[in-house]
Structures are given as structure tokens and as C-alpha cells.
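Below is one structure, written out as C-alpha cells; comments come after it.
By written order: A, B, C and D. Residues from 1 in each chain.
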């Protein structure tokens, strides 16, 4: 084993550094090892940081350390890919993907597993949505006693879709994602314009600007999500629009929380008696935060990928030979958009 | 760490507070003294007086667990003189064990604190009984005594004097004090790293006997840590799989020792519950799957004539996630609280707080394994779909490759459900979401659904690759082509498809929707059809052949016996009237061990004997191999066959003990104890016989015969390369081309094939597929 | 061989017969071929001309393959049929259409009897409650009279365990619930089990057809003391 | 890049179409549909759900077809087939996990009982 290793020694670039994509031998990398250790550390420390909802701040520094380890692994990974110029882009042979790029097939197969993940989350949602009575139904039935928590399903849409201002962050996010889907195909289109038909400097600028725009839209998405979940915002008095000054509360401050078993809302007050219905909404809140949070994590993953793409585009690396890389990322990004197309109506509107 | 110190300090403060509250009580002397351990005896004057001597006698210098000792406490000196109305009193506190009174002169304040009574305050010595603890910790005895003058003035305490005595009895050092999980984990990591380093250095030394130099060692070890070569990663998987096969086996032995006799106390139930949980998790996820992945890594690219996998770096990531995940899964064990949920981890138990602490990391580790399997799936599916050598259509792929394709499809499409379930459990246990909180409306059956949606395909994922191995070995050994190649492929695909619609049979008695129970009862029956086709095709392959008996041939025939038995016993479960009795009994245990050990493990033993020469370039010892087969096959059947009968008479799984019929009630018949003993003895024999395989492999590495390129006469591409194969396995610019002995089929696509061809990218499409 | 319940035994014997039949065919075939078609001493023939890098000559026979697709299929259709038949009995519904009628009124009796298929039938049934909790069982007779159902404690291997006494010839429907985690009632002598799930009621038919006294076990892992979560059921 | 819709660039057309559909969705939730719902003899919430589901489908298809290149490219045919491969497994999951409900064994429906067929 060591013997045949030495035969290849001279071709081996460093496992830390850029790959030599020109030759077919395996490219060694430290990235997988480091990333595994980082992921393991992260989960271990997360288990220390929270235990059944109890927070223990002693583990917080280690969370950041583990994230730094993961980031280091990603940097090694990306650094090795920076030298990739599209000259080594194998295509499939044989039925059924003949002549299709291997990596494109890989991305599509990866999307299968994404589809199954979101199907599982949606199955969970359907099961609970069907199986647990809705809070407003329970409230209207009058089958509750003040002070005793009723277990019921309170969709987040009850708060979010209660007014135009409440739904604004979600609605803007929907548009942001659609626009970002569009900007990324524009980046692909510019990268793909045949050599000679467009000035290379113009191409470089267009590609990286479109990618940067996509990055910004993704960041906007997450920012608005945080505003909607945790921060809330203020609507000023604008006379000619007929707007009154008021605050839009975040879901957090409305008490829509994964651990809230004594949820009270103004719409669950019996007008006749003034009695409050108290609800245990932990399941519905968990579903909402975890499902939309999983989607948000995918957006975050997209930001990580876009950072790399934008930087590489800034160096002018994308041309018709290497443009497919943007398409591979685009497939993932459009998929995230597709999921939002389902998440938005069922978690924000309905 | 910090937390426990804080809580200890808090406990101290509260103890002192309690002591101060009871001060008025203890001054009322004649009835006894309490609460003086930490504050000192302030009941008779503030300072201890040197003229009084307290003493404890009757204690051994070191105690035996649970033994009872008579302890005499006494004092001398002080104002207590004969003729006083009262002579004195005492307070005795012990840190461990329990105190008991012998007569009415003493009384207990609690199991570890005693004092005199009103009756006993006219004595100078008292005798008590102390029962030693089982923990083996050192025990402190703290004694306070008063010597009183018996006057009534000043509440009775003026002029009295007291003394303190402290005695330590050493324990036998049995149980360790409760450990800090992170310290233990760190220690274990250090220890195992040291052991691993020794092994690694030894292997390096064997390869480079001329000497150890850092300049040679550093690149060698870096190569193993960073390699993306499918063969090196395959080897790493293989080593991991065998290691955990041993670990899981040892846990099984612990379980068997405990069950050898009814009512045994060999291991506590806490450990028993961890062992059966981790035995399942380890064997499925850390032994069977890595062994399969190891062979898939090694053999699939070789069989389809590809230089490597499609995404070598992802492949490395798939592997390295596994040892880290294993570490997380075992975190709890190192700290004494490993997962105790069963490998199925049914909700809501898995999210309750009275599970062992290790459950969180058990879930976290499995989340990493889900990620690993997902990456493996992407890699293998893509590789097999796009990188087959010229001339190799779908229906010219070797059957082992087909089996890996089907297994990866099942795994890849089902494991996200498990991942989502695990994330829900992990979040429930950490940040406190409420997916499985029944009070909040959580549905325990949701977890079962998500788990078994994955779990049932999963058990086929581990058995289907063994089908592939058997198909390869039996054809090669019989010197024939496999009978009914296409029906073999369709049968495997059928098993893959059916596996997704039968999972409800794991939940027949669970309160699941009865309609779904009925539907899955019907579909479960269907599993027998494709499995039957495969067994009959294997048998027919031998027909007219010339079976060359090698070790791998023996394992294959052994597989056919045990797997057929396992398949037949599986047919009992979809029958509801049988299932409501057999569910969760040893009949189930017997069934799935017949399929998973007799199927998967035997299949992969055959694979080891078949492909080991290709992987290392060294032949294995046939004599040792035959001995391994004979001992293992016999002990295996003695191990698992009796379990069927035990299950039918009602012995249930996952229990720390079992009950034998007595005069008062019916339970297991008396012979069940003997059968359990037989099973346990066989388990040890089975474990020992598998050590022969390890010996054989090591022996072969050191001085095995050099292996030729094609030792058994197989046809697929892996036999074309040298043993061991070069890197890259095939020259990417000069890939091998598969010829076909059946000329008529190759160029005539079927109707389905024609449809595919219409959808495919034309050869003449300029820059096909790009933009 | 089993002797669990008449219903279990009937299907068990059918299944055992078919298993022996299938096993005999497979093993007879296997042993014959592995002996009869073994390679002779020193001989390494190559019957189908296997050659490295060449997909071997196809060796198949459509008729045979269809045969051993259809025959097992017919067998499992038959097995499905005989397993389906007792479904009405195992998961009997309540009411006049069910095997155990409606709930008994005071003074009535279930009058259990076996019908010609070996299924227990009764005229009516009594409802009792079983509640599972870490780690003990709780029985509730729902106010039934002492001779029909009574609860007490019995000593099982030195520990006090709940005891449920039922009357021979009566049928009981156990309404089961759990207050913490999932457990399972396993009654080996009745040949039945069903999970006890928190937040959901499950039901179990318990026809007491003969005098017995046996240990009821917990068959779903529920935590530390799972193995010792037993109770005694006596039918007298 | 030669793909066009109604003679205009496919990406732009798709983009405008998606924006329009999303606006309709938001409007459907905001608007008072109770009178329209009565016309279909359902509650307002049901009607909203129907509108949302119906609009989600074309949005889904538009993104997949145009932005993900499952329409009009050389490899669109085979990749569409690839994308649809998990459909069976998703349907099984939604049927078995999403839409079943726990129940006691005696709740076995009549069509599953042999007695229902006189057996």
C-alpha cells in the first residue's frame, strides 16, 4: 500500500491546498476529517447547551469553536475547488444519463433526499393538523375552562395572517426568494454567453453582481425571518395612507413558543364573560419553527454556497466552460424556492 | 463540574440552616440529639471539652458489602458520675450504609443518623447495628457524646461537657464515584488514541521494516487520513465494521450471561438496558452498514470498470462521519448512562427525562450516520448510473453491483424520514420542542411511523447486498452463469419497492390505524414472492454445475440454509392471530437473527473469503476457513434455533430477566432455563469461532500466499485488475470494455429501453445538456 | 406443539405444515445439488465458459421462473386467506355483529363457547380498565361484582404485584391507557398483546375460557424496571 | 437560451408569472371570501385552502420547468423522469404517515373484515 502510494507522490497536491484537477488520480483532502469532527463537536455541545429546554451557557464557547472547525473544513474544501476551471467535467456514459454531466445527475439525486426530508416534515404537519383540534374550534365550542390549559392546534397563520402588516415579512420573503431564483438564472445566462459575444469584463461584472444580488436577497430572507420570529417592527404614523402608529409584535413576544403550555391570545377571550382560554400550543409551535427553520437552514446553506460562488465569480472564473457550476447550485436554490412555495401557504397563510 | 460544586455548597448551607433551626430541639437533652454533624454539638456548652473522650468500637478497618456490624459508642470522663439522674447522650452520623437500633436505648433520626432515647440517657455506652453499603466507598462515622451532670438548671445543660470522635472505615473500592461525563469521554479518547496509535505505528513498521522516520511516516498517515481513493476508504470502513462487530458481539455476550439463568444479577438492569439498545444500534449502523459500505466501496467501482466513485471527496466525508458518530453514540456508555431505549427508541419514552442521559447523544450520533448514508447514497447511485464501463448496460451489471444499487436506493429514499424523526427527538431532548410530548398533543405513533418507514427498508438494505454476494459466489463456485439473471434483478427491485409499503407490520399491536394494519398485512405477505424467486434461482444455478467447495462456497450454502429458515419464520408474522402472540417475543428475535446473522453476516463472511485475496493480494487459509465455518455454523444454530421455541411459550424480548412457572403462577416452563443456558453457551462458542476469522486474516496478511488476479474464475471486471488493484483502479483514458457472450441482446433495447432512449440526450447534440 | 389458544394453534399448525413443506423442498433440493453437482477431485471445469470481462452466457428458463413466481404466490394467497379469516375474532368489533356481542347487563353472563372454527364467541362482555405506569400495572374492575372481577395483590418472586381475578367463562374487554410512556399488555396464556399508549385508548379482548393463573408482562420497553413490571392474572 | 414563452424570454416571463400568482395568493388570504365560499357551500377557510393549493401547483411547475431547466433542454426529458422518481415514495409516505390516524383495533373497517363478505 505504501509502495504504490509513493509512485503517485509527485502528483499529489497538498491535502490542504488547491487540487490539480487536470489529472485523474484521487485528490486527498483533510476537509472530510475536519468537518466530521466539527459536526460531532457541534452536536455534542448542543446537547450540553440545552437539556430539555434548560439552558447552560458554559457550553456556548465550545459551540462557536465547533462552528469554527466546520468553517475551517469548508474553507479547505472551497480552497481546493477554487482551481476548478471546468476543464475536468466528466459526462455520463450509458443509459439513461448519457452525455449529461455527472455532477448534475449527482445534484438531482441529492434533491431526492431533500424531497423526502420535506415530505417527512409535511407528513408530520398533516398528521398533527388533522389529529389535534384547532384552537379556534375549541374556543367556539366553549368546551374549556378558564385557567386549565386546553391542548389544541394553533397555526402560526392565526397570528401571521391576521393583518397585512403581520404577513408583510413573509410576503416580502416570498418575493425575495422568487427574485433570487431569477437573479441566479441571470447569472448563469451571463456566464454562459458564448466567448466573443460579450466582453469578458462585462461578463465578470454581470455574473458576480447577479450572484451578489442573490446573496443579498437570501440574507434579506433570513433577516426578515428573524424580525418575524423574534424582533417585530414598528409601523409609523403615515397620515395620507391612513396608517396609525402601532407595533407589530414578533411571534416570540406574542408567546407563540415551543414551550408555551399557557398560551393566551386576545382572540381567545370570551366577550360575554371576559374569560381567557389558555392553550397548550407546544406541538403547533414546534412544527412551525422546525419546518420553517429547516427551510431557513437551507437558505443559510445557500448563503454559504453563494459566498463561495460570488467570490469565485469576482475573480472572473466563470465562463461558458465552467458555468454549469452555477447551474448546479441553482438547482438547489430553486428547490429551496419550491419548498417555500409549499411552506408559505400551509404555514403562513392557512 | 462547576454545577455540582455549587449544588454541594448549597446543600451545605441548607444543612447548616436546618441545623440552626433544630438547635432549640437538641437542647432539650433527655430525648436525644440530632443535626450536630456539621455544626458541632452546641447543646452542652459551646466548646468540646478535652476531659471527655468519645470512642467508637466494633468496626472493622475495612468492611464487606452488605455485612452487618454491631457498633458500640461510648464515652469516658466529664461530669458524668454514677448516681446522676442522667449520664449522657450521643449523636452518631454515618456517611454510607444504614443504621438500626438494637434496643430501646437508642433511636434513629434517619437511616444514617442515630441518637439515644429518653430511656437510654442514663448510660455511658450504646450499641447499634450498622449495615455496610454495597458501593464500596469509604465510610465516615462522626460521633458526638455528652457527659452530663444530670442537674436541672439552665435547661439541664449547664456544666455538661461534650466530645467528638471521627472514625473512617475504608471500603473495598468497588464502584467508582459518579464520573463527570466529559472527563470520562476525554480520558477514553486519550486512551483509545494511544491504543490506536500503537496499532497504526505497528502497521507502519510492518510495511516499512527498514526503520521509523517521520519523513516517511507523516505522508503515510496523512494518506490514510485524507485519502479519497475508494479502496483505502473501503478498507477503513471494513476495519470499522469488524471492530464494531466485535463490540456489538461483546455486548450480546453480556446480555446472554445475564439471561443464562432466571433472576440473575450479573449486570444491573441499567446496564442490561444499555447493552441491548447499543447492541442493536451498533450491529445495524456501526457494523453491518460499514461492512456493506466497505465492500461496496471496494468492489463496485472495480465491477463496473470505473476508476473511482463519482464524488471521491464526498465518499471520504461519508466515512469520517461514521467514527465520530460512533463516539457520540457511545458517549453515554463512557459516563455510565448509555442510551436505554431499544434501537427502535419508541416515543414518548425516548423524550422523557428519566431515560439515561446518553440518549441525546445516541440520537445525535445517528443524525450524523443519516448524513453519512445520504452522502453514500448520492455517490453510489450516481456512480452506478453514469460510470459503467463501455458495453455495460443495466442488464450486464454484476449482481453484487445491482444489489448495492437497490440497497442504496432504498436507504437513500427512506433515511430522510428517520433523520427527521431523530432531529425531532433530538430537539425535544435539547431545546425542548414538543413533537412527542403527549400532554401537548404529541403522537407517539408518529415516531414509530417515521422510524419504520425507514426501519423496514433498512433491514432490507442490510440483507440485499448479501443477496448480491451470494449470487456472485454461487455462480462462480458452481462454474456457471447465474440462473435467471433478469428475474434476479427484478426480484431485488421488487423487494426494494415492496419494502416501502410493508412497514406497518412492525406496528400491528401498537394502536396504529387498523386500516393500515390490514393493508400492510396483505403487502407483507407479498415479500415472500421475490425472496422465493431468489432462493429457487440460486438452487437452480447449482443444477448441472460443478460446485467447487471453498470456504466462501460453504458460507454460501450455509446462508441458503439459514436464510431460508429465517424467511419461513418471517411468514408467521403477517398472520394477525399469530402475531398478537408472537410480537415482541424471542420468536421475533430468532427470526431477525436468522435473517440478519444467518443472512447478512454469513453473506459477508462469504464476501470476505471471496474478495479478501483481491483486496490484499494474499490468499486466506482454507483449513482455518473451513474450521471457522463448521464451528460457527453449528454454534450459530444452537444459539438462535432454541429461541423460536422460547418465543412461542411466551418469553419476551428486552427484559432483564424472565420468570419460570412456580406453584402460584404460570410463566415459562422449567426447561426454558436450560434452553437459555444452552443459548448462552452457544453464544460464547459462536463469538469464539469468529475469532478464527480474525486470526486467519492477520495470518494471511503476514504470511499468506500471493493471490493471482482471478483466483476463483469469476467473470466481472474486478478479476481483471491485479491483486491488490492499482490506483486509480482503471486508467481513466483507457477504460475496459465489457464483451457479451450473448450477442443477440446487446443492441436491441426493449420497449421500456426505447422509451428511455427517446428521453435521453442524443450523441450528436452539440455540448449536450449545457447552455 | 404450541398449545397457546385453540385459535393460535389452528393457524400455527397450518403454517407449520406449509413451512415444513417449503423447507423440505428447498433443503432437499439444496442438499441434493450441493452433493450431486460437486466438483470431482482436482477438476476445475468451466461449464458456461466464464471469462473475465465477458458477460456470461445467459442461463434462464422463463417457464421455470414463472412457475416459482406463481406457486409461491398461490401459497401466500392461501396463507393470507387463512390469516384473514380470524381477523373478525382477534379484532372483534362490539355490538351484535361482533364475536363478543354488546356489553353485559347486570345478571347476564358471557357464556363463552368455541365455535366450529375454534374461535371464542360470547353473548356479551364485561369492560375493565388497565392502566400502565412506570413500572406497575393498575387494574380497575369498573364496579363489577366480586365474583366477576376483583383486584388484589400477590407476591411474585418476593415483590408485591397487582393481581386481577377474573371469572371462568366470561369475556372481558380491557380498555387500556398509559399515564407516562408506551407499555404493552402481554398475556401469554390468552395468546394476545396490545400496546398501552399514552394519550390514546387501546382495547384488548380477554376471553377467560379456562382456569389458569399466569404472569402478565410488559412487552414494550418502558425504562429501568421494565422487566419487573408484571402482574398476575387468575381465572377461576 | 433560445427558449421563449409567447415570443419573450422564458426567464422573464416565468418571473412575472410567479410574481402574479404570489400576489393572488396573498390577496386570497387577505380578501373576504365568505360570500364566495357560500356559493361553493364550504367555509371560507376551506375555500382559501383550495385557492392556495391550486395556485401552488402551477407555481411549482413553473419553477421546476423553467428555472430548473426541466423544459426545453436536451437533458430535460431524462431529468424530469429523475425528478419524478421519488413520487411513489412520497405518496406512500403521505398516505401512510400523513393521513392515517391512530385507532383501536376494533375500529377495523368493515371492508377489511371477512365477515363482511360472508366468509
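Basically, a residue touches a chain if its C-beta (ideal position, glycine included) is under 8 Å from a C-beta of that chain, and two chains touch if they have at least 3 such contacts.
Since the model is a prediction, treat every value here as computed from it, not as a measurement.
For the pair chain A and chain C, the distance between C-alpha centroids works out to 47 Å.
One inter-chain figure worth recording: chain B and chain C are separated by 28 Å, centre to centre, where each centre is the mean of the chain's CA atoms.
Distance between chain centres (mean CA atoms), chain A to chain B: 34 Å.
A separation of 42 Å divides the Cα centre of chain B from that of chain D. Shown for chain B are the residues in touch with two or more other chains, namely 392, 413-414, 417, 439, 441-443, 445-446, 449-450, 511, 514, 518, 756, 759-762, 765, 768-769, 771.
Residue positions of chain C with contacts to 2 or more other chains are 84, 87, 90-91, 194, 197, 200, 202.
Counting only residues that touch two or more partner chains, chain A has 96-97, 99-100, 104-105, 109, 112, 116, 119-120, 123-124, 127, 131, 189, 192, 327. Chain contacts in this assembly follow no simple pattern; the graph is neither a line, a ring, a star nor complete. Pairwise, the chains that make contact are A-B, A-D, B-C, B-D, C-D. On chain B, the positions that touch chain A within their shared complex are 2-3, 182, 204, 207-208, 219-220, 222-223, 225-229, 232, 307-308, 310-313, 316-317, 319-321, 323-325, 327-328, 331, 353, 360-361, 364-365, 367-368, 371, 374, 377-379, 381-382, 385-390, 392-394, 412-417, 419-421, 423-424, 426-427, 429-435, 437, 439-443, 446, 449-450, 724, 726-728, 732-733, 753, 756-757, 759-763, 765, 768-771.
The part of chain D that touches chain C in the complex is made up of residues 102, 104-106, 108, 112-115, 119.
Interface residues of chain D facing chain A in the complex, by the touch rule stated above, are 1, 11, 14-15, 18-19, 22, 25-26, 29-30, 45, 48-49, 52-53, 55-56, 59-60, 63-64, 67-69, 74-75, 78-79, 81-83, 85-86, 89-90, 93-94, 97-102. Listing the residues of chain C that touch chain D in their complex gives 84-85, 87-88, 90-94, 97-98, 194, 197, 200-203. Taken in their complex, chain B has these residues touching chain C: 263, 269-270, 272-273, 340-342, 346-349, 352, 354-355, 392, 396, 438-439, 441-445, 475-476, 478-487, 509-511, 514, 518, 521-522, 525-526, 528-529, 532-533, 535-537, 539-549, 557, 560-561, 564-565, 568-569, 571-572, 574-578, 580-581, 583-585, 648-650, 652-657, 659, 662, 664-667, 709-710, 713-717, 719-720, 736-742, 745.
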